[in-house]
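Two complexes follow with subunit A in common, the first pairing it with subunit B and the second with subunit C.
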Partner chain A sequence: MKLKEICRELGLEVRTAKEKLGREVTGGYASDLLSCVMARAQSGNIWVTLQGHPNIVAVASLLNLAGIVLTEGVEPDAGTLTKAEEEGVAILTTPLTSYSVVGKLFDLGVPGAD
Partner chain B sequence: MAQITRLQELAYEVKIEEVMTRDPVTVSPETSMSDLRAILRDHRISGAPVVEDGVLVGIVSIEDLIKALAAGEMDAQVGAKMTRDPMTVYADETVVLAVNYFDRQRFGRFPVIDREGELVGILTRGDIIRGLLKQLELEYHQEEVLRHRFSQVFEEFIADLTSITLHRQVVARDFQNAGEASSRIKRVLGRLGVSPQIIRRVAIATYELEINIVIHTDEGGEIIAEIQPQKILIRAVDRGPGIPDVAKAMEPGYSTAPDWIREMGFGAGVGLTNVKRCADEMLIESPGGLWTSVKVVIYLDQNQPAGEKQAA
Partner chain C sequence: MRELSLHILDAVENSINAGATRIELIIEEDLAKDRLDITIRDNGCGMSEEQVAHIYDPFFTTRRTRHVGLGIPLFKAAAERCEGYLTIASQVGVGTTLEAAFQHSHIDRAPLGNIAGTLLTIILFDVGDVRYVHRVDEQVFEFDTAEMRAELGEIPLTHPEVRRWLQEFIAAGEAGIGRSP
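Coming up: the complex of A and B.
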C-alpha cells in the first residue's frame, strides 16, 4: 500500500516531503523510545510516535522509513519540519491516538515489523 | 545519457605526479631473474622499470618472472625477459589519460617520465585509486557534497589495501544535530555500493554510539569510521566522565539517563545492546572513569555471523 493511500484513508495531514507519498509502505512500527525503533523498525515501515523533536528525522532517515505519523495532535518542532524537508522524510500529523492509528493501519492490511 | 561522476571529473583534474609512486625500485638488465624475485618479494611489488646508465630501457613484471620460473630460466638476466621500450606516461599529464591506457593495454603499470625523459615514478591502478580516494576524502572533510557511487572502482581494486576514514565531532547535549555523524557515514556507504543490510547495521551502531556521546559526556567526543575493503571499523571516543561499570552498562534496560532525556525517547537503556547486536566484534574501554572508547567491527562479507541478521 502506498503512503498516499494511507494518508487518505486515515485523514493524515502531510507536513513534509510531499514528493515521497508515492512510496510503498512495507509495514508499521509504534514506539516512543528511539533505541527500540532503531532496533525493530524496518526499511519502508511507517512509524507511529508521540515524539516531535528533530531526532526522529535522523532515526527515520537512518532506517530508510517510509514516513512518521505524529499522533494526538503533537506539533513537530520547527527544526523537525525543516530537517525532514531537507532529508526527504515524510511527516504526517493526526489528532488520533497512537492506538487508533495502529488499529486503522492493521485494518488496511499494513503488517507489524515483527 | 552518461553522467559525469565526481570521480571522473577528478581523473581530469589530478595529475599523474600527484598519485604515482615516486622513486620506484628499479633493476638493471644484468639483474638475474632469481634476484628479481627477491627484490619483488622484499618490496612487495609486482613489477619494476629496468634502467641502464640512468636510461629507461624496459619493464619487467611478476608475469615475466612466472614464465621464467616455469621454463627453469631463473639464471637468465632481466634484459632477456623484460618488455623493451615500454609505454610511458608523462608526470604532468592527467590521470584520465593513464586510466584510458589501462583500459586499452594489458599492462599493469606504466613508468612515469618527466619532459626530459628522466624516470620519476611508476603508476599502477592501485596508485590511481588511492590518489583519487584521498582526494575525495579531502573533499569530504571540506564538507562538499559527494554525489556518486564508486563501488565498481572499489571492486576493481579490492586487491589493494585502500581505506577511507571519516571523522565527525559529536557535541554533548546537542540533540538538534544528534544523528548527523551516523547519517554522513550511512550516505558514504551508500555511495560505495555497500549492501543495505550492512548499512543498516552500521547506521544503528553509529547512531547509538553517537547518542551516547550526546547524552552522557561532559565535553562530547568523536565518531571515527574507517571503511576498508573487507570491514568497517567504528570508534566512538569521548573525554569522560567514563563508565564506572561496563558490565552493568551492557545490561539491557540499565540506564543512567535523567528523566528529561528519557522523555524525549532517549536513554531507554538498550543502546549498547543494539550496538552489540549489530557488531561482529565490540570492545568497550573506560579506564578509571576518565574516558570511554567503544570499538566496533562489522565485516562486509555477508557470511559473517551477526545477531541483527537473525533478528531481522
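Coming up: the complex of A and C.
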C-alpha cells in the first residue's frame, strides 16, 4: 500500500516531504524508544510514535523508513520539520492515539515488522 | 534505550574511540534532592569547539560508515525527558567530560540497568584504566583499576581468574550500596 493511500484513509496531515507519498509501505512499527526502533523497524516501514524531537528524523533517515506518524496531536519541534524536509523524511500528524493508528493500519493490511 | 547503562556504554565507546587511556565513571544518586547524576570523564583526544557545538546534532558524526550519529542525541533526550540535562565540555589534547543529570524519581527515567555488566565490559576492553565511583546518599562503592593493576603486577585484568574476581567484586560492591533500580 502506498503512503498516500494511508494518509487518505487515516486522515493524516502531511507535514513534510510530500514528494515521498508515492512510496510503498512495507509494514509498520510503533515505539517511543528510539533505540528499539533502530533495532526492529525495517526499511520501508511506517513508524508510529509521539516523540517530536529531531532525533526521529535521524532514525527514519538511517533506516530508510517510509514515514513517521506523530500521534496525539504532538507538534513536531521546528528543527524536526526543517530537517525532515532536507532529508526527505515524510512526517504525518494526527490527533489519534498511537493505539488507534496502529489498529487502523492493521485494518488496512499493513503488517507488523515481526 | 531501556537502561541508562547502555547510554553509559555508548558514551564510553566514544571515549575509547577518542584514544582515552583513562576513563572515570561517576554515578551519584542523591535521593533527598531527587537527583541522579552521571559523569564520564576521559583523557582522549578531545574535541574542538566546532565539534562540541555539533555533537547534539544527530546528523553530525565523525564516523564515515553512515551519516547520522545518535549516541549523544539519544542520551541527551533521555535526560531532558526526566527534568534533566546533558552537557559536554571538551578540550583538544586534554579530554572530554560528559555530565548527564536526571530527576531520580521521574516516571520516564530508565533504570540504571546492568551497570555491573557494563563496567566489566568497559574494564575488559582493556584500553586503559577505569576509575568508578557510585554513590547512593552516604554509601559509596569505588575502585580504580590502576590500583588493581599495581597489585596484580604482571597478571592482566583480562586473566580469567581476575575477570571472575572482578565480576564478584563489582556485584558485591553494587549490592553493598543498596542501589535503587
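Observations
As a convention for this text, the second predicted complex is superposed on the first by the 114 of 114 C-alpha atoms of A that agree within 3 Å, B and C clash if a C-alpha of one lies under 4 Å from a C-alpha of the other, contacts with A are read in each partner's own complex, and residues count from 1 in each chain.
The rule is simple: a contact is a pair of C-beta atoms (placed from the backbone, for glycine too) under 8 Å apart; a residue touches a chain by one contact, two chains touch by 3 or more.
This is a predicted model, so every value here is computed, not measured.
Using the contact criterion defined above for the overlaid structures, shared-chain residue A:Asn55 touches subunit B and also reaches subunit C. Within the superposed three-chain arrangement, the count of touched residues of subunit A is higher for B, of the candidates subunit B and subunit C. In the superposition on chain A, A:Ser43 makes contact with subunit B only, not with subunit C. With both structures placed on the common chain, the touch criterion links A:Leu33 to subunit B and to subunit C.
Residue overlap on subunit A between the subunit B contacts of one complex and the subunit C contacts of the other covers 33-36, 38, 51, 53-55, 57-59, 61-62, 87. Residues of subunit B touching subunit A in their complex: 175-176, 178-180, 182-183, 186, 196, 200, 203-204, 207-208, 211, 264-266, 268, 270-271, 273-274, 277, 311-312.
Of all residues in subunit A, only 32-36, 38-39, 42-43, 49, 51, 53-55, 57-59, 61-64, 79, 87 touch subunit B in the complex they form. Chain contact summary for the complex, subunit C toward subunit A: residues 1-2, 6, 57-59, 66-68, 70, 73-74, 77. Residues 33-36, 38, 51, 53-55, 57-59, 61-62, 83, 87 of subunit A touch subunit C in their complex.
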